[in-house]
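Input: structures, listed below.
Two complexes, one shared chain (chain A), two partners (chain B, chain C).
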Partner chain A sequence: MEIVFEDVDYIYQPNTPLEHVALQDLSFTIPSQSFTAIVGRTGSGKSTLLQQLNGLLQPTSGTVTIGNTRLPGVKAKPLKELRRRVGLVFQYPEHQLFEETVKQELLFGPKNFGLDLAQLEAQLPQVLQDVGLDESFLERSPFTLSGGQMKRVALASVLILDSEVLVLDEPTAGLDPVGKKQLLQLFRYLNEEKGKTVVLVTHNMEDAMAYADQLVVLNDGCIDRVTSPKHLIEKRDQLEAIGLAPPESIKFVDYMKQTLDVNWNGHEATVVTVSQALINRIKAGANK
Partner chain B sequence: MKQSFILGQYIPRDSFIHRLDPRTKIISLILFVITMFVIDRLFIYSLLYGFVLGCVLLSTIPITYLIKGLKPVWWLVVITFIFHVLFQRDGEALFDVFGFIIYDQGFIQGGEIASRLLLMIVMATLLTLTTPPLAITDAMRWFLAPLTRLGLPINELAIMMAISLRLIPTMTEEMDKISKAQAARGLDYTRGRLRDRLKALLPLLIPLFISAFKRAEALAMAMEARGYQGADHRTSYRQIAFRTMDYIIVCLMTTATVSIYLMTG
Partner chain C sequence: MIELEQVSFRYQNEASHVFENLNLTIEQGEWVAIVGRNGSGKSTLAKLLNGLCLATSGVVRVNHTVITSESKHQVRTQIGMVFQNPENQFVGTTVADDVAFGLENLAVPRDTMIKRIDQSLEQVDMTAYKNHEPSRLSGGQKQRVALASVLAMQPEVIVLDEATSMLDPIGKEQVLSIIQELHEQLDVTVIMVTHDLNEAALADRVITLNEGTVWFDGKPREFLEKGDQLHEVGLEPPFVTKVYQQLSRQSITVTQEPLHYEELVDELWRLYLKT
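For the complex of A and B:
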């Protein structure tokens, strides 16, 4: 599903002393079946932006068009339909866990949306496995889980809905490196193999560059730029000014250039591509 | 997003009311409430309304913000008034609505009681809006200090109060986040039968309580980790200080209260 932002402003608590302009004049497009990362420093408005995607917040002015639904001004019923089609996983899982068992927790969304519970119940072990948990968790209480496990359960409780668009607010924050990679691979799989549109918020430029095909850079509630990872690499010197650090792999390339006076014009961004380019060079150099 | 309930919220400004010592504000509030309960003349209520309006204006807090933020209270006030008008059986009968005989005392007493409720809540809200929670704690500790001799744990009480005050806005924010997280999974508690709606409150209340307990636990541990072992013999490094203006206000308020009392005697 394509998502189009047009001149979107969002103001928290308008006309009060606590009024806060969180989003200002946003216009951009998230193409259908793309993997879009939204990056920006703390407080730049990422979570506020995400909540516009399924109508939890609606623009103060401007419009957001998601598929054939246009916000603001949608009635309760199409809004619920929209939420079924756009699954959103929040930053803090403890805000949603409440059932007695993980199994009930996972079936909470499907129950609300009136899906076929009997059929979904059979899929529960698979969904748990996808997020890195095993079947034994089904009967456990969500409140006895560790922070990382809660996060995975919260994620699974949205994955089970099988929505067309998957919106993730820092899904890997606080996970161990292996678990983190596993989840990112899962998102890539859902994007590439299952054709889901994925929108991911992250602080980590490394992940954003490695997994996304489009980057939306937010700065202080405004769009700084919408770009591809490749182009952002070229403009990396501008990143630090808006509170983002270029990935380590890029720092490595820069260091090589400066200290070893290596001539390097590549656009490689991730550890894998940088190493590959390096290997190629060494091989080529040996041949020279 | 709708605006949340604002009692307990603090809005930093640099107004006359903000600058007063918290003790002055609390004493004034108490005197105000006493006045309200001893008087029974309508014209004095107009004075009180004027006084409250003056305080709100001096605080530079927009009136519309107060009106919107106290929405639940308005309902309470209106219902109180209607209740009195319908069920009061004193005074002269005025007219009759669907078998309810309406008496003039119904209007008068309903107006009085609803006014008391309204004015008291507006003033209390104004206190928290213009005073940092820590300053309120310090003031409470100062007022309660004589009771330490009776063995009451004053400092603990003061800290408990400060933490509770601080938690009201935090909990409303939390509630907002929780209801969004559940709405994203299709929860709808605004429609359907009453029973279904009540059942739909559970997914909101359980995470709220759990997070409140966790927050309390984390706070306790963080306090302990930073060397807190009960508040005995602590000296407050924030000094709240009475200034000339505070003496003047307290004297004025006392004089006003006493003279209103004598006048209406």
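For the complex of A and C:
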């Protein structure tokens, strides 16, 4: 499902002393079936932007078109239909969870949208496994879980809806490194094999580079640029100004080029390529 | 100094223990990173240190005071904690009120209080949000305010439970340099829960929890030497560690396990390429 922003402004608490312009004049497109990462410093408007995608917040001016739904000004029924098609995972899982047990939590969305409960109930073990949890969690209260376990349940409660668009606000913050990798690979699978459009917020350029095909860079509520991860990395001297930093692998390569005069033909910076470049350099010896 | 002696802990109405007979000593002025997979007990350990969780058996001592339901309030004047979810610690209706709250409890005189509020908000770059409602901030701004509230109290011990998880890389760096300064200049004890092993490598000591037991306790270099074994406990070796492993396989080694890519590259230069 294609998503188009046209001249979108969003203002919190308009016409009060605390009025705050969080988004200003945004125009860009999220292509159908793309993997788009939204990046930008703390407070730049990323979460505000994401919440426009399922109508939780609606533009103060301008329009957001999601498939054939145009915001603002949508009635309750098509809005519910939109939320069925666009699943949103919040930055803090506590904002998402409210049921007494994990099982009820996972079945809340499906019940609300009138899906086949019997069939979904049979899928619960698989959904939990996808987020790295086992069946023993079904009867637990979501509020007695660890932070990372809660995040996983929040993710599962959206994944179970099998929506066309997945909107994920820092989905891997708080996950342990193994879990983080597992989930990023799951998002990639859903994008590549199941044709889901994935939109996620991240501060981690490593992840953005590895997984996203499009980057939307926000700065102080405005679009700084819409680009590809590769292009942004080529302009890495500009990253700091927007609150970001290059991935460790890229910093490594820059430092080794500068310090050891290593030959580097601009291949992808992986453990293998970086080690090989170092080995070749050392073999060439001091008087290269 | 913090001591845990034969500490067992079980959450109310739960069948199994999170910790059983855990022993741990943290010296004054140490900077300790706590790492481990989701659910391994990191936050529970943090909460045992400020009396939010009370040991089911065994004792937790902070500066020789045993933490009990009576002593915990007094202990909290010495230990400042930033929670994993900063929203759990907001009490004020404005950012400034929120920072003030902790100071009122410490009975800090009014003019000192005002100074400390301004100073700590400045440190975390949130001065412009002084009169905003904490609940209406962005995710990362909430974390900054939670940190400011703790900094303002100038505690002897700071416990940070994934306190930088929502910050951008520049913000993370700022916070780490604040911590570094407190640690070096004021000898503050820092206990930092994190999933970022590059961050953990900055500490004096790394404790790895696994299912409520201490899987590793030692220096960051020894910790990184574990390499692929880290996967067993839900962790992933940092990029520099993986590159170093690869080099070692080709018999290219340096004198000690590198903590950082600059260290590795500089050592390679010194040992193999310098004329």
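Simple rule for what comes next: the second predicted complex is superposed on the first by the 263 of 288 C-alpha atoms of A that agree within 3 Å, B and C clash if a C-alpha of one lies under 4 Å from a C-alpha of the other, contacts with A are read in each partner's own complex, and residues count from 1 in each chain.
Here is the rule we go by: a residue touches a chain if its C-beta (ideal position, glycine included) is under 8 Å from a C-beta of that chain, and two chains touch if they have at least 3 such contacts.
Everything numeric here is computed off the predicted structure, so don't read it as measured data.
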*State whether A:Gln51 touches chain B only (first), chain C only (second), both chains, or neither.*
first
*Taking the superposition as given, does A:Met256 touch the first partner, chain B, the second, chain C, both, or neither?*
second
*Name the contact category of A:Tyr12: first (chain B only), second (chain C only), both, or neither.*
both
*Which of the two partners, first being chain B and second being chain C, lies in contact with A:Ser157: first, second, both, or neither?*
first
_Touch test for A:Leu278: chain B only (first), chain C only (second), both, or neither?_
second
*asked:* According to the stated criteria, A:Gln119 is in contact with first (chain B), second (chain C), both, or neither; which is it?
replied: neither
*Touching A:Asn68, do we find chain B (first), chain C (second), both, or neither?*
neither
*Please work out whether A:Glu94 is in contact with chain B alone, chain C alone, both, or neither, and reply first, second, both or neither.*
both
*First, second, both or neither for A:Lys80, with chain B first and chain C second*: first
*On chain A, what residues does chain B touch that chain C touches as well?*
12-13, 18, 92, 94
*asked:* Please output the residues of chain C touching chain A within their complex, sorted ascending.
replied: 11, 14, 36-39, 42-43, 84-85, 87, 132-133, 136-141, 144, 162, 165-171, 173, 195, 197-198, 231, 234-236, 238-240, 242-243, 246-247, 250, 252, 261-262, 265-266, 268-269, 272-275
*Considering the complex alone, what residue numbers of chain A touch chain B?*
12-13, 15-18, 51, 54, 56-57, 76, 80, 83-84, 87-88, 90, 92, 94-98, 108-109, 112-113, 143, 157-158, 161
*asked:* Under the definition above, what is the set of chain A residues touching chain C in their complex?
replied: 12-13, 18, 40-43, 46-47, 91-92, 94, 132, 144-149, 152, 169-170, 173-181, 203, 205, 240, 243-245, 248-249, 251-252, 255-256, 259-260, 271-272, 274-275, 278-279, 281-282, 285-287
_List of chain B residues in touch with chain A within their complex_ = 1, 3, 11, 13, 61-62, 64-65, 68-69, 174, 177-178, 180-188, 190-191, 202-203, 206-207, 210-211, 214
